[in-house]
């Protein structure tokens, strides 16, 4: 039984990790931090864990020597203050923030507004998207868990870029449920403001943009350019990204479908379906992709639950790989469907 | 053309007042305060007013001598600091907070947690529910505008209590859209928390309880006891209160309906309907009531838009009465329906 | 490995059963019927099952001799046409409709509008609420799976009635997500009508009323009277029932809490929590109950996911008991939380 | 006082017309048809009209000689059966369906799947978008009222195309509230299916596509190509269309804004705002447009209430022009804001 810890256990991604780990058959959630709630039982704060875990929040992880892996579920900027000492202690780390996703420090500074200060670990970090970097993740000591929008857009676009059938100028009209914005109340997330609306934000300036460009570039050995417009959907969980690309030549829906089937046919958590639907994946680590040819263009849809395949579920998938556990263990449930 | 002002023009009730007053044919919105936004145009902040008003927020109302009436749309506790000097200046006042609703200062202190410090004006204030206090409102200098839940429950219960057909022990299971909670972001109003849920809060301790008991008591010359459980609905606008009362003797649905028809048959803004629906009143100053006999009990439903008949629309209705304008002027539109 | 079948596999309760059974480690979903979709793969219709089941719908279950248990997930009236021959064939049956819930045929006729025609099996059926009828369910051949509202109200009220601290006249103001109404489109379930509203329906006439009265009566050896007002919530999954009872004597919140803790302290799927929340149980077989004393009354809240603990999850819980499997197997996951 | 009638008074656009016309100061709603509800009072069916209209539905409009204008609010295909005899009788007509929007009968047949059979009136029909065809509408006898998506996309894109600053290959990622789909229940509009999701539909095949291409082409004297992906939003009212265009040369946000300000600066119902929001226009005839430059692209947002500026409000705006009434009469209210 491997032992793992979570730094930042009260946020949405942290508590989603707790939810999955407390029923994981081969891993024990042995440490959980929260500055504000130190001393409290996790199930007191997160009542859905009643009967599943009696662990208490601590202010810090006092000792990592008994732990096999630590999840860092803190905001960007904070994560890179935590990771260095964890790495030095020899524990494996999965960082759910954006701090270790961008290889280029100048890019990081440009999009995040401050420096990436941990060059050493940045260098060895692996991007935690198992469907494309499975073997690297298995051997990684530090995994940078992908962003939620990024995962949906990369899964939807990469097969077509890789197959060379589309031009590399991608428009990603991305819509996310509100839990993607975290648990800190704000004017934008205030129900009367966003509850019956669709709110464009960070138009053209969202931090997942360079992450998507870098990753599709890495996989396809070529450059892509992403124009991304995120929009807040009045639902709690779920992302649907509509990605528009120009076809290099006339293609049919079936030809496009074949490319996706070839890419994901053997995958357990990514499926090509005719009509991808948010409800089919909510609550699960599954992502659905779909596509339609429209004249000389193709629109590819990427759909997932932003807190699961878009964050904590994908992190557990990576953890399984890093700890030599079967990839699907503990996260192998279908979406709610309805 | 009468001139009016609003103190507290950025909150939801304040901006809803602006929305109505800027198209009111017999009143000019001449002053509008906001400490934080002083100097800005109202339409800059509230883009739905583009083309309707170019008025700018000021920090204070410098001079009330040109104004005929001032709306106080500040939180309780603050309102009673503003009202005394307004009253002294001779301007008429409508207070949308709870500060002047409870006649009994001990009750106020008990439910609001601090003293009511303006005994003088409290004494002369009139409860602004036109359907029951029309003539008093016409002559009032200070109107205490009713609470949103209170309006829905009073409209649904009073006719039956007044007719003497029900016992006076009322259970009010009340559900409100989120705009009723105001525009300050909070954990409870955070979309991921409340957006797909129904949240009971202030169970048995909501401040509208004594207001309802006092008002139904005043109208019916008798005491009632209200057990009130407010619940946050995942919609922006609208209240539906389900009020349960014991019938003193067997009655039919038709007999109950007749009592309501008798009470509200001549009213423009309150209607008895078979199946009251939130959407039928949203965006309007209309309230719908309905009822069903269930064995020896009756459930009466009170439905309204919490920001209109539950707050600012009712305040404009009172203003019309106080200024000698036709009661329906400026607020005479049907609900959205869908 | 036990083998089970589902009659009526395309409705919401049927497909929710598929969702749970396809990952159940000790049971195989071996038969699945749908008249309209015979021949199709289940994962074609219900894309959330992609990768989980390749079973195809058949028109009928041709042979039950290889099956250990059959779920009947058809509408009431239809179920009692299916059950007799299943019972004769010797297979165990769980009926998710209301056909076998009411012992009194006159009551059934009164509330359902037609006769219960299978007196023989009705007599031996067991009400499938494990928290109160666990040992009977273990030995049952036919289980009548409880209604969704009924489960929420029975769990919230029974401990207090049983403890003799409340009078037996219960008001249940019950609110349900829309999936409780099934998958057939209708005017009431049409999004523009119900999506931003709260719709009272079947006021005082809902079929779960006699089921609740009978069951609480059975458990507490006494009669109760339930006044029930169902209301459609604009969410997909989740029920919150607010149940009002008169206290026989003054009691504190703590004293009431103790009664619930005593009743449910050892239960895995029912928890007493201070602030019950729909999101804490959505997607799971857990129910939360809570309570507040208000003067001489108590309000008890019953919260659950109508498709899981309110239907298919509870059915799997019963199945586990009937087949000698550990009660929590296959349904042991926490609620989504957010 | 002009007299008008509505053919098809029970659908959403028909009842929205009733809602506006019953408070219109210069027009009387004198006839209203509904086959299914003939004989019933409109306020019986549409309770939001209580106190506003006592008119009864009739099966047909028996005589048009007393009417000045008739709105046809029937589905496409049906409208072109009604319009010819109305036109012959000499009454002015506004058709809210798609039957008279496409000049090219081959295009109509291709997108609508059947023939346009009324060539005569098609020829003289005017596209009812006042912001671009005001003088033609004033003189028209038959107006083809624009589609909801079409209005939002045309308003957002035309100024930039007209100014010659963008290429003519437009991607329109369009999202609509559910009331746009009409009042007939269907699987797609069933709340459990669409209430917590975002549903792409008619991908690349939506009938508003040729209407947009034709109209922008007419205004700008050039051809454009529109790739349109409609998506169903889980709200009742409101459209936000995100329209992507390639800039011909580098431009700033301010330069783009100026183009919009120049186009719409004098308009009452269309405003350029920095952050367009659905809530700011819901319930009103206003449309908001916004824009952001992203590298060599620009995204333009078009926002409106699909039932008002996207349908019935725009029709009343056209009616005012056709009857010589001030354009804003009867529809001059701000959006709800919240």
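The letters A, B, C and D name the chains in turn, as written, and every chain counts its residues from 1.
Following the convention adopted for this analysis, a contact is a pair of C-beta atoms (placed from the backbone, for glycine too) under 8 Å apart; a residue touches a chain by one contact, two chains touch by 3 or more.
Everything numeric in this text was worked out from a predicted model, so none of it was measured.
Listed here as common contacts of subunit A and subunit D: B, C. Over half of the residue numbers found at the subunit C and subunit D interface occur in both copies, marking it as a same-residue contact.
Here A-B and B-C were compared by C-beta pairs in contact; the pair with more is B-C.
The chain with its CA mean position farthest from that of subunit B is A.
Between subunit B and subunit D the centroid-to-centroid distance comes to 35 Å (mean Cα coordinates, whole Å). Centroid to centroid, with C-alpha atoms defining each point, subunit A and subunit B lie 45 Å apart. For this pair, subunit B with subunit C, the centres built from the Cα atoms lie 40 Å apart. Residue positions of subunit A with contacts to 2 or more other chains are 12, 179, 183, 192, 196, 234-236, 275-277, 279, 338. Interface residues of subunit D, counted against subunit B in their complex, comprise 12, 15-16, 19, 22-23, 46-52, 179, 183, 196, 236-237, 268, 271, 273, 275-277, 279-281, 283-284, 286, 288, 307, 332-338.
Across the interface of their complex, subunit B is touched by residues 12, 177-179, 181, 183, 185-187, 189-192, 194-196, 234-236 of subunit A.
On the side of subunit D, the complex with subunit A involves touching residues 171, 173, 175, 192-193, 196-200, 203-204, 225, 227, 229, 231, 233-236, 238, 240, 242, 244, 275-279, 282, 292-295, 297, 299, 301, 338.
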